[in-house]
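Order of writing sets the labels: A, B and C. Residues in every chain begin at 1.
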Amino acid sequence: MAIALAGLALFLVVPPFLPEWITFLLTLAWAKALAVLGIVLLLRGGLLTFGHALYYAVGAYTAGFAVKFLGVHDGLVVLVLAVVTGAAASALLGLLLARYRGMHFGLLNLAFSMVLYAILLKFYAVTGGTDGLRLPTPLLAGVKPAAAHLRLTIYYVTVVLTALLLYVAYRFTASPLGYTLRAVRDNEVRVEYMGASVRQAIYCSYIVAGVLASVGGVLAGFSVGHIVPEVSFWTQSGEFVFVALLGGTGSVLAPVAGSIVFEFVRNYAFKYSPYTWQMTLGLVLLIIIFFLPGGLWSLTGMVRRWIR
Amino acid sequence: MSAGLTFTYGVVRILNLAHGNLYALGAYMGAWLVLGWGSNAWPVLSYLLLFLAAVVIGVTAGPVIERLFLRRVYGKAEEIQILLTFSILLILEDVIKLAWGVSPLFADKPYTYMGVVRLGGVDYAGYPFLLTGIAVVTGLLLWLVVTRTRFGKVLVSVITDREMSAALGVNVPRIYTLAFTLGAVFAALGGAFTAPMFSLVPGIGAEVIVVSFAVVAIGGLGSIGGAALGAVLVGLARATAVHLVPELDLFAIYLIMALVLLFRPQGLFGQVEARRI
Amino acid sequence: MDPVGAVLETVGLTKFFGMVRAAEDLSLRFQEGELVGIVGPNGSGKTTLLNMITGYVKPDRGRIRFQGKDITGLLPRAVADLGIARSFQMPQLYLSLSVLENLVLALAIRAGRARGFWTPLVRVDRLDDARRILVQFGLEEHASHDAGQLPEGARKLLDVALSFARRPRILLMDEPTSGVSARDKSKVMDTLVPVLKGTGVTTIFVEHDMEVVERYAERVLAFDEGKVVASGSPDAVLADPAVRRALLGRP
């Protein structure tokens, strides 16, 4: 806990001294970490989704629609709206999905996210089609942030909010429900025989994961200033899954670590080898599966043991 | 294609995400061979080339994937197995781009050779009929292999009781490799023979896996008859949607899938497996 | 409540798996607080009976009543909530959680906290309770080990401990001492039985070890091919030639 707070302090103090593009990448990494966190929570229950970008997109387009149709310009109001839409969407789909495991769960999620992608693409009048929607600078509790500090303001809002949600997720993992979810992964029969509902545990976790991704979508949307249908495409979901594995599922902080590493590596790798990018991801994933199943986060454990 | 997916799943119990890529590989290989060596003088050759492409892809990629990767995760948590096939999917996506580039590949000769068929005064392209014929024949063949041959019987025994078959002297690992390879050949076959109908672009693998998963989910995992019925339903839904509301052809598939799963979560022919305790 | 005071009762319970008869017309009554042993060869339907009582397997025909209330067709979760717990022939544990966490989770769920998502699972009072149970079962040295690392015998004990932690009205145990070393067998039963008798829990246990049955059961049911072939006091049942033939293959 102390180390986590120290880390957070570092992320709060240093950025004013960094070049703007780094602050931007960090903002994006923190925002996306929320979607990844959702995947990590579900993975702890043995559930792997290939469509979590669906909720990321729900968040992003909630922001887009709120600005375009409702005339809502306050970022905080938009965030509240995104929590509602994210919860509503996951609560609805969760009714169908909570009974599936394994490949069914993964690919049904994928199917739904691709349906949303197709909708976003085809209903041009509402969604702007491939052009997407522009997200102007939001107000914060009615105050317009100064243009000079815009990047930094968005960065701070993102980091503070994400840190808060990380704490919520941490409480969740340590709670009876969080443990029940892990128990579901280990042995569903025993969970039911103990008098807990497997379905309910999965359903609740699914909604939590959906809300996290939705908030992540809003934050990322505002930091980029523009949203496109690709936020719901399968490659986006695949990226989240990749980052989840890269970071590891051992801690709620792992998604942040994984996400930051990923954004920076991609920033460079993409420039040099656009054609072998997916292959690189695939190979790294193979290495993680076979040699580092706990992800980058498990390295911290090794370091800790080594120090002693 | 879906038959291949359901077939390997039945035996190996790992649903292969990279199946769509095997399909894409078959398609690219088929198109490439036809473009390179197909000759107008001898149309049958191009069909043989398509077939050859599928076999080549199937028997090279199949064993490599099974022996090198899948073998290491049998018995591990399901999400690990899925992730493994996901990484293979990512790698194969780029292999295709590296081998054939990103510009579309179009080999429609086998399509045009079939000409048109006049039915009730309306002209239909001949090739889809050939395709349906091939699908039915391979489906029947698969069914015959499973129910009538020694290999098929061994396969069924491995599916129903792995330990028992191993105890009886069946070389289970070899059966796995064979079954997986057979599944890969089916996927590549599906790709190779549909290739002449479309221009090939990178990314079809991922698209195909979603559609064929829908087919399998409707039919029920591990049921070959179910996969066939699922394919027919999806085909019909798509055709109807294309006629009525062209924007919605993909939705039609998912709609049917969602409806079926709502009422029969295990698919039309899937069996619910309760764990023995 | 039933006039004769049967706390658990089955009426005409029948189950076929294809051609295999796992239960046929089983009408059994269990009295409050008694300790009943079930014996029978492999495949005679002992586990299937427990599966049907707890709602894991649906009987083809017949009813199950608990405290006079019809519980046929309820899900395992609902049956568990009524106060019927069971242990398993093959231990069903949370293998990636520690032994202590396994128990603490059981205690939290019993307390109706399965849906709590804010307060931590591991609390001092639950830890104390869990430790007490671990000591009772002689598992305290394993407290912080993952359940997946336990030796077979300890897994079995933890499995029984998990169902015991629910403080059930009826405890069904499927071969609680199989896989447990001979020395520990009597230890398990010696710790369990007094506690069970002390709290008036009705206990039904499936057991292959004749010595254990003879020593601890107050009443014995002998199963063969889905039917009860003998019942009564341990001595009488185990002396029955038909039972000896079925169990040992000789009279």
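Points to keep in mind about this one:
Quick note on the criterion: a contact is a pair of C-beta atoms (placed from the backbone, for glycine too) under 8 Å apart; a residue touches a chain by one contact, two chains touch by 3 or more.
In this text the structure is predicted, and so the values were computed from the model without any measurement.
A complete topology is adopted by the chain contact network, contact being made between every pair of chains. Contact tally for A-C versus B-C: the pair with more C-beta pairs in contact is A-C. Centre-to-centre separation of chain A and chain B, using mean CA positions: 32 Å. The distance from the centre of chain A to the centre of chain C, each centre being the mean of the chain's C-alpha atoms, comes to 44 Å.
Computed centre separation for the pair chain B/chain C is 47 angstrom, with centres defined by C-alpha atoms.
Shared contact sites, meaning residues of chain C that touch two or more other chains, fall at 56, 92.
Across the assembly, chain B contributes 277 as residues in contact with two or more other chains. Looking at chain A, residues 185, 189 sit in touch with two or more other chains.
Listing the residues of chain B that touch chain A in their complex gives 15, 69, 72-73, 77-80, 82-84, 86-91, 93-95, 97-98, 102, 206, 209-210, 213-214, 217, 221, 247, 250-251, 254, 257-258, 261-262, 265, 275, 277. Taken in their complex, chain A has these residues touching chain B: 43, 46-48, 50, 96, 99-104, 106-108, 110-112, 114-115, 118, 122, 185, 189, 234, 238, 241, 245, 275-279, 281-283, 285-286, 289-290, 293. The touching residues of chain A, when paired with chain C in their complex, are 171-172, 174-180, 182-183, 185-187, 189-190, 192-197, 200-201, 204, 208.
On chain C, the positions that touch chain B within their shared complex are 47, 51, 56-57, 88-90, 92. By the touch criterion stated above, chain B contacts chain C in their complex at residues 274, 277.
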